[in-house]
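First subunit A sits with subunit B, and in the next complex the same chain sits with subunit C.
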Partner chain A sequence: MEKAIKRYSPIFVLPTLLAFTIGFIIPFLEGLYLAFCQFTTVRDAAFIGVGNFKRIFSDTTFLQSFKFTVLFALASIIIINVIAFGLALLLTRNLKGTNIFRTVFFMPNLIGGIVLGYIWQILINCVLSLVGEPLLALNSTAGYWGLIALVSWQQIGYMMIIYIAGLQNVSEDLLEAAQIDGASAWKTLWRVKLPMVMPSITICVFLTLTNSFKLFDQSLALTGGDPNHLTETLALNIYYTFYSRAGAQWKGLGQAKAVLFCVLVIVISLLQLKATRSKEVQQ
Partner chain B sequence: MAKRKKISNINWSILLTILALLYVYPIIMIIFNSLKQETAITTNGAFTLPTSETFAGLANYVNAIESKGFLQSLGYSLLITVTSVAAILICCSMCAWFITRVKSKISQALYFLFVFSMVVPFQMVMFTLSQTADALKLNTPYNIWVIYLGFGAGLAVFMFAGFMKSVPLEVEEASMIDGCNPLQTFFRIVLPMLRPTLVSVGILEAMWVWNDYLLPTLVLDIKKYKTIPMLIQYFRGSYGRVEMGPMMACITLTVIPIVIVYLLGQKHIIKGVAAGAVKG
Partner chain C sequence: MKKKLLALTLTGALAMSLLAGCGSSGDTAATDTTAAEDTTTTEDTAADTTSAEGSVYYLNFKPEQDQQWQDLAAVYTEETGVPVTVVTAASGQYETTLMSEMGKSGAPTLFQVNGPVGLANWKDYCYDLSDSDIYGELTSDTYALKDGDKVAGIGYVIESYGLIVNTDLLEQAGYTTDDIQSFEDLKAVAEDITARSDELGFAAFTSAGMDSSSDWRFKTHLANLPIYFEYQDRGITSTDAIEGTYLDNYRAIWDLYINNSTCDPAELSAKTADDATSEFLNGQAVFYQNGSWEYGNVAGEGKFSDDQLAMIPIYFGVGDEANQGLCTGTENYWCVNNQADEADIQATLDFIYWCVTSEEGTTAMATDMGFVIPFKNAQEPTNLFVKEDQEMTAAGKTPISWNFTTMPSEEWKNGVGQALTAYAADQTDANWDGVVSAFVDGWATEYALANGQ
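Right after this comes the complex of A and B.
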């Protein structure tokens, strides 16, 4: 059978492989090389070694966006996961209307980042003007919390679904045993449910982590980095380095930042894989 | 005990209802603002309902459709999403079948590359990808699906391969012995079994392509072609003053179809998205 399939490999593999080469392999390798070059287009690249990477660390906007992204990721991970888990607990109690609630909470997940950004910009600016604070364009604190509110609205429902699936897998016997042993609801939660849904928690924490690090559309639409690059995420900072500054020195710097960013995301993903795997063994 | 539980359940239900109302409020707010006259849309008045004086009827919608090119954008978005998702489903399922059934170093290396590409953030390749697309003339809505197939292949191949590993070989072997060639075996035997995974992958990739902003912005010529996310971003970027009314009309016109599709197919959508998450 293998041999027969192999003879058909051009039909089965080639279309995807060709598109993959155009859409990923070539751009990736070229991007890797260009990080060590000075260029304005792919053709006029001149190799300059690690100079671009050295310049990253003297670029204050990059360091600022790194700090912003880390702080943003920390807060949004905690907020999203705590609320999503709480909702999942409530929605596994056989309350009336559980399905409607589930539908409503999941819905924002389907709306695109740009649209979400503008919806929340209008909403937050209205709140700010009603309480007499400066608007988003001048208010980095509001930009920070606004972005957290936005991604919470978007992602809580998604994580909630994963937690619900996890909670439904906790065996009835175990819960019954805890009840017979006289465990309070609180104790059952901490000692039985929480340890049993550990795999879901790992998945959700890392999903929110990678989502926060890669965040682009929402940040672009909500604040665009205003005021003064203070609310720029890493992805947005790279974009601006490429496209809102003219001159050969910036493209190389942008590509070097992109490589560094890529390494960062890969490291996070590897950690995620390791954590998920080790949790699976215990199960 | 039972009674106490019942009362607390009612309290929780009330809390959830309030939360659910807060959850849909941002969308409701955009809808009623899109019905206001331009001068009545102010920063601090976003929460007030339109009155008889400020009510603009469907003027903003007419404006959005007639002079802002909403229908054109809708057409491009639909075209790109349909062609890309179709290409991804057909090509990637075939590729994934090959990779899982032919055990060789090359197929394993390919699989690894596909998985690797899922992790790489778009910023890493955005500049070089847009240049490659320009050089190969893949920069129109009619053939941008090649780029989407390439960049979306990772997730699709990964999910298809994950499912195929659990499909028993015997059925396929039987069909080959009965004289089917691999193509017939794939389309008559394997593809029908794949249906749930096809739905999951289709939904995930459609959501991605439909909502994608940066890739089409960098690849397409923005003066000629604007997808819906590009159109909405264009409102702020390129007109002197942001015209809020037509913009909110566009947002409403974008969100409503998504909500309808979601309500019709929510079981598949929630399942599909969750399947993608657990595997990713």
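Right after this comes the complex of A and C.
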């Protein structure tokens, strides 16, 4: 039986492989090639070499959006993971109504980013106008914290579920042993629970990191990069370069930014995976 | 063994269907999946007809007139048998849609650009219309968009904008449109209405919303006035460096708009086009800066009747104001895709010629769409604002031409819009300097970026 499966494995792989090739590998390679071209429509692109990549670094809006994205990622990773872990601890204590709370916290994750963006835009603008501050379109600080509040609200529930699963897997034996040894609750958390949920932490940090870097629809709907590109995320900057600019010279530039962006996200997340993996312990 | 054979056949069939499904979108693999689906459908229509006599695919710019174009296309197909597909891009998404559509097989055969700056992006795709029949039908050569000697685009609709007035409210305030003949008059009337707004129950201007659905009224259309007067002074029609001679007048009218309006200027950044329209419809304000395309939204059943409405020029305090007309021009130029099949190009030329010469075509454009078209066979429009423009021109007033088509880029407009919004929220000289800088320095920077390489 096993032999037969092995023999026919190419046939089983074929449909998915084809779909993957057509839907991902070919466009990806074409996109890579287009980054070295000048074009208006993708069908007649003229090869111009690395000129697009040189221009990226003289584009101040790109550097600005890079800075914004990094600052945003740092704050949102910390806030989301700390709160999600805290909630997970609370909701694994067999309190009354745990299931209701888990559902409630998870629910924002089911709403699409664009819708969330507009809801929060109305909400934040209303608060800002009540306290007499400039509205979102003129207020980059409010835009920054608003975006963090939005993604926290959206992602905390999801990360919480992952942490709950991790915490439930911490073996009772270990906790009991810690208790017998006289470890305080605080020490048990730091020395037993945290090392044991390290795999969950790896996953959650990875997800929040890539989500923050790839953030697009939330920021498009919430601020659209206003004021003056100050709250523009990298993905939004690429989109604007490609679509809001008229002229052949911008398309290749946008494509080059996208390629650089892709490499950047891969490198950063690999480094993060390596760093958190090394902290994981064998059970 | 039998079972295995069955499994094998099934897998094979699955793989084949997958191949067949993706085969037609192979060369558009770079676009997203929904776009690939679209291609398949347009390809189907194209394939059905190329054998006959070509087909037309019109990528329409005006969402307001989508249904009317669909209807007109159906009439044409019924009459001639030539299939016409009309696809309308979502508001504000025309360039994006056009870009992805043009990259496909079965690309639009008829599309539009908004003037010289838009043409720069698409000139390699424009069929030379200088020998076409439709070019000969134009009433004036100024409505042709040229790229050197080549006629790249044909302006197909002339529009006007100005201040739409609710004449009933104006009368309640004790004035008529005849009292407003200059910027000083407008300012006096507006400020008087503001002073008595509690007693009157309405404001002078609708909210000058700076949300992206509405900000083009100010960063593009209102900004046309300082550009127009500067071009007049300098005797030019475009420039790589604007001087901003009349920006003080721009500030004066912007001040007037935002300080005599239905809402606190600090809230303008979040106000939308719908807000302004509904304020006007609800009788909360007398003046509403917008254009003839807005006619359908303010006039008609349950809205205003023609004698309750008027459009007056946007007085700017410059030049011969007594003889100033509405801002009239076009930013809608038809271009024919030169990459399309010969047969499709011919079918497209026939279609647009029919639209502007035949009884059905001209009636639909004048009555259903409310357009004034710059062609010899044009019919009388029903649009009040368009009629007013014609009356003013007949009375010897000089219309203000549309020079915003020479603005260097969208980015420039956004910069000006951003600065205007910031100034509205906090009206200091420093913030106005921001507007001046976005206007003057931004122009030079953006012009260099757009034309540098």
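Throughout what follows, the second predicted complex is superposed on the first by the 245 of 283 C-alpha atoms of A that agree within 3 Å, B and C clash if a C-alpha of one lies under 4 Å from a C-alpha of the other, contacts with A are read in each partner's own complex, and residues count from 1 in each chain.
The rule is short, and it goes like this: contacts are C-beta pairs under 8 Å (C-beta built on N, C-alpha and C of every residue); 3 or more make two chains touch, one makes a residue touch a chain.
From a predicted model like this one, the values you see are computed outputs, not experimental measurements.
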{"item": "Touching partner for A:Pro227 - first (subunit B), second (subunit C), both, neither", "value": "second"}
{"item": "Contacts of A:Asn125 with subunit B and subunit C, given as first, second, both or neither", "value": "both"}
{"item": "First (subunit B), second (subunit C), both or neither touched by A:Gln249", "value": "second"}
{"item": "Which superposed partner A:Ile266 touches (first subunit B, second subunit C, both, neither)", "value": "first"}
{"item": "Touch count on subunit A, higher of subunit B and subunit C", "value": "B"}
{"item": "Which superposed partner A:Leu135 touches (first subunit B, second subunit C, both, neither)", "value": "both"}
{"item": "Partner chain in contact with A:Pro15 - subunit B first, subunit C second, else both or neither", "value": "both"}
{"item": "First, second, both or neither for A:Thr41, with subunit B first and subunit C second", "value": "both"}
{"item": "Touching partner for A:Pro27 - first (subunit B), second (subunit C), both, neither", "value": "both"}
{"item": "Partner chain(s) touched by A:Ala4 [first = subunit B, second = subunit C, both, neither]", "value": "both"}
{"item": "Subunit B and subunit C contact sites that coincide on subunit A, given as residue numbers", "value": "4, 8, 11-12, 15, 19, 22-23, 26-27, 30-31, 34, 41-42, 125, 129, 135"}
{"item": "Of all residues in subunit A, those that touch subunit C in their complex", "value": "4, 8, 11-12, 14-15, 18-19, 22-23, 26-27, 30-31, 34, 40-43, 125, 129, 134-138, 224, 226-228, 243-249"}
{"item": "Contact set on subunit C toward subunit A in their complex", "value": "4, 7-8, 11-12, 14-15, 18-19, 22, 26-27, 29-31, 33, 95-96, 99, 102-103, 107, 117-118, 120-122, 124-125, 210-212, 266-267, 269-270, 409-411, 415, 418, 421-422, 425-426, 450, 453"}
{"item": "Subunit B to subunit A touching residues, read off their complex", "value": "9, 12-13, 16-17, 19-20, 23-24, 26-27, 29-30, 33, 43-47, 87, 91-92, 94-95, 97-99, 101-103, 110, 113-114, 117, 119-129, 131-133, 136, 138, 146-151, 153-154, 157, 169, 172-173, 176, 181-183, 186, 207, 210-214, 228-229, 232-233, 236, 244, 247-248, 251, 254-255, 258-259, 262-263, 266, 269-270, 273-274, 277-278, 280"}
{"item": "Subunit A residues touching subunit B - in the complex, by the definition given at the top", "value": "1-2, 4-9, 11-13, 15-17, 19-28, 30-31, 34, 41-42, 87, 90-91, 93, 95-97, 100-115, 118-120, 122-123, 125-126, 129-130, 135, 153, 158, 161-162, 165, 203, 207, 213-214, 216-217, 220-221, 235, 238-239, 242, 251, 254-255, 258-259, 261-262, 265-266, 269"}
